[in-house]
Amino acid sequence: MDFQHSPRVQDLQQRLTAFMEDHVYPNEHVFNQQAKERRWKSPAILEELKEKARGQGLWNLFMPDEAFGPGLSNIEYAPLAEIMGRVFWAPEVFNCNAPDTGNMEVFVKYGTPEQQERWLKPLLEGKIRSAFAMTEPAVASSDATNVETSIMRDGDHYVINGRKWFITNAMHERCEIFIVMGKSDPDNPNRHLQQTQILVPRDTPGLSVVRPLSTLGYFEEPGGHAEVVFHDVRVPKENLLLGEGRGFEVAQGRLGPGRIHHCMRLIGAAQRALETACQRVEQRVVFGKKLSQQGSVRESIAQMASKVEMCRLLTLRAAEKMDREGTKEARDLIAMAKIMVPQLTSEVIDMAMQMHGAGGLTEDYFMAEAFNYARWCRLADGPDQVHMMALGKQVIAQYGGR
Amino acid sequence: MDFQHSPRVQDLQQRLTAFMEDHVYPNEHVFNQQAKERRWKSPAILEELKEKARGQGLWNLFMPDEAFGPGLSNIEYAPLAEIMGRVFWAPEVFNCNAPDTGNMEVFVKYGTPEQQERWLKPLLEGKIRSAFAMTEPAVASSDATNVETSIMRDGDHYVINGRKWFITNAMHERCEIFIVMGKSDPDNPNRHLQQTQILVPRDTPGLSVVRPLSTLGYFEEPGGHAEVVFHDVRVPKENLLLGEGRGFEVAQGRLGPGRIHHCMRLIGAAQRALETACQRVEQRVVFGKKLSQQGSVRESIAQMASKVEMCRLLTLRAAEKMDREGTKEARDLIAMAKIMVPQLTSEVIDMAMQMHGAGGLTEDYFMAEAFNYARWCRLADGPDQVHMMALGKQVIAQYGGR
Amino acid sequence: MDFQHSPRVQDLQQRLTAFMEDHVYPNEHVFNQQAKERRWKSPAILEELKEKARGQGLWNLFMPDEAFGPGLSNIEYAPLAEIMGRVFWAPEVFNCNAPDTGNMEVFVKYGTPEQQERWLKPLLEGKIRSAFAMTEPAVASSDATNVETSIMRDGDHYVINGRKWFITNAMHERCEIFIVMGKSDPDNPNRHLQQTQILVPRDTPGLSVVRPLSTLGYFEEPGGHAEVVFHDVRVPKENLLLGEGRGFEVAQGRLGPGRIHHCMRLIGAAQRALETACQRVEQRVVFGKKLSQQGSVRESIAQMASKVEMCRLLTLRAAEKMDREGTKEARDLIAMAKIMVPQLTSEVIDMAMQMHGAGGLTEDYFMAEAFNYARWCRLADGPDQVHMMALGKQVIAQYGGR
Amino acid sequence: MDFQHSPRVQDLQQRLTAFMEDHVYPNEHVFNQQAKERRWKSPAILEELKEKARGQGLWNLFMPDEAFGPGLSNIEYAPLAEIMGRVFWAPEVFNCNAPDTGNMEVFVKYGTPEQQERWLKPLLEGKIRSAFAMTEPAVASSDATNVETSIMRDGDHYVINGRKWFITNAMHERCEIFIVMGKSDPDNPNRHLQQTQILVPRDTPGLSVVRPLSTLGYFEEPGGHAEVVFHDVRVPKENLLLGEGRGFEVAQGRLGPGRIHHCMRLIGAAQRALETACQRVEQRVVFGKKLSQQGSVRESIAQMASKVEMCRLLTLRAAEKMDREGTKEARDLIAMAKIMVPQLTSEVIDMAMQMHGAGGLTEDYFMAEAFNYARWCRLADGPDQVHMMALGKQVIAQYGGR
């Protein structure tokens, strides 16, 4: 048993940290201002930093396939994603932001050479953005077999009808491609063969991005989370991913690393909140004493530090099991991370805000947006409760029969 | 011991509830749209509803002085504030919103006849809005003796210099008067005689409303919470409230009912979140079963209902003690309400959001904004921790000596 | 709305408090020693104090029927039970301990004159003790229809077979009568007509008290909680309570006040733990400072005081609704009290123990036994979860259909 | 980074597990009965199992010094201590119980050859037991410099006077040696040079074991936790450990592995509670459905499993840092484990008890005693709060200055 990262990872950690300190933190307010002013356009500072990061080889670090990127394993990528996660928009600087990462992995695994040339290439270069359209307002989409959007064969085309929401990136002006999940065979007795995934270019007639959705008041420009309507959208059959009826299979495939990347980033956000809180309490004087000298503040800091470390270890453990035994075998640890990390990191960030007084809730600090991130992660990929139900069932099956 | 409200209060409860159902709930989206479009102007629908409410006598219900309003006690007002609190902006419909309520009480208690004529009258009529400028970014303002803004006598005038933030209502186009707290005698050995409160009309040269502040992404239009700078602001000595050096006394006076009104409203928000959650779980089907039939959902609803009831009882108990024995004597129960109500109601609202899935975090529901309200109430009037410290000290003094 | 107790209740509060201070607290160690030495015999000090209390008219305060006792309502009894609850064994001093209280109420409501003469009279006089035998190890007894003990008619007798556990008082040498619940008509299609309650004198052949059961290491002498076996136990048909097949009806009847009496007492235990903690932190010096001057200690005390007050108000509210509208109508508030009070009071007591260091866990203080009391109350009358399920269902029915 | 245990450790895990299954679990009731009947004598079954374990080489596994035992590192010992911790008394079967383990390490590090021959040898053989007398009722002993027992030089002897409590093992009939901490130089300006540790054989005149102390009703026979008085106890100067004035140094030395062994064992107790709960919910039917099919039960099991895993990872991480960088460097992670593990494991065990109904609180299961173990560990080696204060201070120092 060994908790040390490899030299390669340690080197990347140092370089990423230096990049964050030199280029990202100093530009947080610039980014916020640009993102607010031009809303759904990529902020100039972001494009500038992407160029820099790519120049330094800090690019596509998430990509496990060596043919397309550095080929890091999950356990190697985790500490890097943590560093990126310290600023909500920083992952995109390194072309490591969701859902583009998941989409790129899908293209690598399931895309045809033509699809890879047309969409994967510009995605890997950070030229375009992409969306993954699965969640629907009308049904509990945590169960993928519930989706109701129809994807019907019509000669050499497919016709798509349905309503989606929380489609991340869809508001982005450069979001050029949607991977859409729907039902092509709703009556198939095998529920896992009813779905199909298909590519829909943004400018396809019938695709309407209806509105951006906020969470806790945040729109998360420039990508946003959108409501999207598909009304008689026609695409050629060459746009199929993997094949008709194999949508569930593709979905399962992407849920591997994708599931846990949010956890890695949230740990970074919580770690930064902890550090920021430490600085605050060293500077703030209340009732004649530095906050850092108050016993209750020290107790809170101790709790926060412990929670961050527990989240980090749990996520690393899940990553290692994924690497060693595969996603399916690691689903217990993945579920634990998904249940615990958003919950505990949101507690850490909440306490850090509290230590900042009312200012801690404002846009003057990164914490309120980070809190929002942790909060919606408790619903991303299904509510906490769904993951708890599944994990509980699995644990009972493991021990209950003895 | 008797938990029944008086017939007068029951009548007001029914009329308020009917008003909310007839006029407020149906217009929530209209309000949100208007508030967003014209940001710091009073939404047309709000002015329309104010007219209606005033016509029905549902007006200034908070005002305890019978010369200026209905003269309800705290225990009588509490269940009414709860009803108004079900919609974040509804209190203003009935001219019962903070900080105008507190300011009006200050004018009633401490204002000269001229001040009352000039400012109290239009406030009671809902024609203008007002602000209370106490909190400062540089110091822990939960201790009122910390404020650093200077209010210096200069002949027949006072000159004000300082920076304030979280000045609620200051963004509102009709916010015409600021009650400003500062130090006129910073070297007075009695720390409670250093402060003065003074009136500053908005158009006084040197007063700049710098920017609105968000909390968790919300700007809470049209009143907002602003950062405000006072640079060599001169006002005549007639603008003094009560007298030079009596600012702390005035502040203490307003903290009576004002402190607990937020709690009353939050209970309404949480009660509505509970009801909304009940409706949701009756309608939503997951894995082939209504959510309302899931054991874990029922357990959560039970917890939520219990928390709302405990908050309600604690707030009523504090209100009754204030009425019977006075604010000072009731400070233990007031502190309990202030500690528990924002915390527990935010938990209730958070769980209600969770039961709604990702949609629960959006502007499609009232819950995210209500959560933000509960969240910043944990810092309003000082962070939770300050109230806990004070209450703890008091309880130890009560029992520790035995 | 009015939170003041009546003059009669205030008088009883003062007299009870004086009795506790004069006679109960000074004898806690005497009781513990006597109870340990003679285990299942009534400690001499207890008998002595019972005599005193009875002499002062502090006797059978629980009894709502004026023909048999003082005839206090629930809201009147609640603050008195709180005072008694400050010492785990004190309720019996005033003949107000469970399950004798519930059994006496059953005799008052459903007993024949002969049964009342034979059993109720000595119970009211504190001469004998009694048990209520419902819970069974083999089934989830929180659902009364699950009990499997058979009570079969055989001529003019009934024959009882079954195994019960957690039969409070059964270890007591003076426990002379068991009220036994079982099934006389297990095949009745109406599940609520299958049960019968019947009286079994302790010396009836076939009744064996098998062993005492501990909870968290406590045996709670002298009454204890026993495992009891009924093997071909025969009693005459005159021992029926109310009538064959009416056992469920009797059970429902006793669940009224009985359910909430534990909550009242636990509030007293928690209040005393709070007061004891205050005294401790005023005396204990750590790292050169009194604990009471530590911020984190004050925060904890504030939380504890708030929790006790919330529990008290919730229990009073439930009591008042029971008095006003009846047990059935008040079942939502009763459930809230049952869910919240054991949980919150156990948190308060746990924190008080923690403030005492390791000594707080020992028999040198009352707290560890009080913690045990709060802990098993989370299972008495069904686990928390059952009450939450029922309350959740009821709340959803109330609001979900809108 | 690698989470796999070495082949040697995996082999020991398997052998220990087999031993537990073959010899320990089947004898839990035998042990309890023997321990209760003969209280402070070593139960025959324990001696029998010690013989067996020693014969299989499962002996002194804790001993890091290869000259005296297997020489396992902390990271190697952790998973083995977890297995032993599944039964409260099992560690002694393998001669790995506290405080004998810590005392043996002290003898190895600081004992003279004579002391080692006289005391260490029979301890390593499991022939005698030992105690460590540090905690005092009168002072906050979490700060070792507070101890007030005096150890005064008198010619070639030292004379000891003082009162200690929570002296584990002191009740044991075979507890032959006490390591006593006290002050030999109370006026030394360097507070860390005031203390001395000295050996006191049990039969030394003036040493009185006053009484056993219970925690939550448990006496934890046969070792117990005792109150001990030293009244003019004289021992020769050869009984000094390391040297006069070096008591604090010796104390620091033992706090290394010792501190974290409780955490390792508690993880085993919690893991077993989780497994036992899984079995229970698979068997118990409530309201017509297996508990394991209830959503809320699955959610609870998921939470429990996640907490156990987080505790395990945190403890392993602390162990690894201790091995790699030393106890002092690892004090942040040690503190995290000490704060989190007793708290989280007590939550897990508490929920497992709850799932068993009232029976879960009795001696029919191991859980109540395990809960007591977790509970007092929140006070062992200083209350949680002391560790939080220290960790908080350290974390603030690390990050606050940036």
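Per-chain residue numbering starts at 1, and chain names A, B, C and D are given in the order in which the chains are listed.
The rule we apply is simple: a contact is a pair of C-beta atoms (placed from the backbone, for glycine too) under 8 Å apart; a residue touches a chain by one contact, two chains touch by 3 or more.
Just so it is clear, the structure is predicted and the values come from calculations on it, not from any experiment.
Across A-B and A-C, it is A-B that has more C-beta pairs touching. Taking each chain's centre as the mean of its CA atoms, D is the chain most distant from chain B. Centre-to-centre separation of chain A and chain C, using mean CA positions: 52 Å. Averaged Cα coordinates give chain B a centre that lies 43 Å from the centre of chain C. Centroids built from CA atoms put chain B at 37 Å from chain A. Within chain B, residues 295-299, 385, 389 each touch two or more of the remaining chains. Remark: chain B residues 1-6, 75, 274-275, 278-279, 281-282, 292, 295, 297-306, 309-310, 313-314, 316-317, 320-321, 332-333, 335-336, 339-340, 385, 387-393, 395-396, 398-402 touch chain C in the complex.
Within the complex, the chain C residues that touch chain A are 294-299. Only residues 135, 137, 140, 142-143, 165-166, 213-218, 284-287, 296, 354, 357-364, 368-369, 371-372, 375-376, 378-380, 383-386, 389 of chain A touch chain B when the two sit together in their complex.
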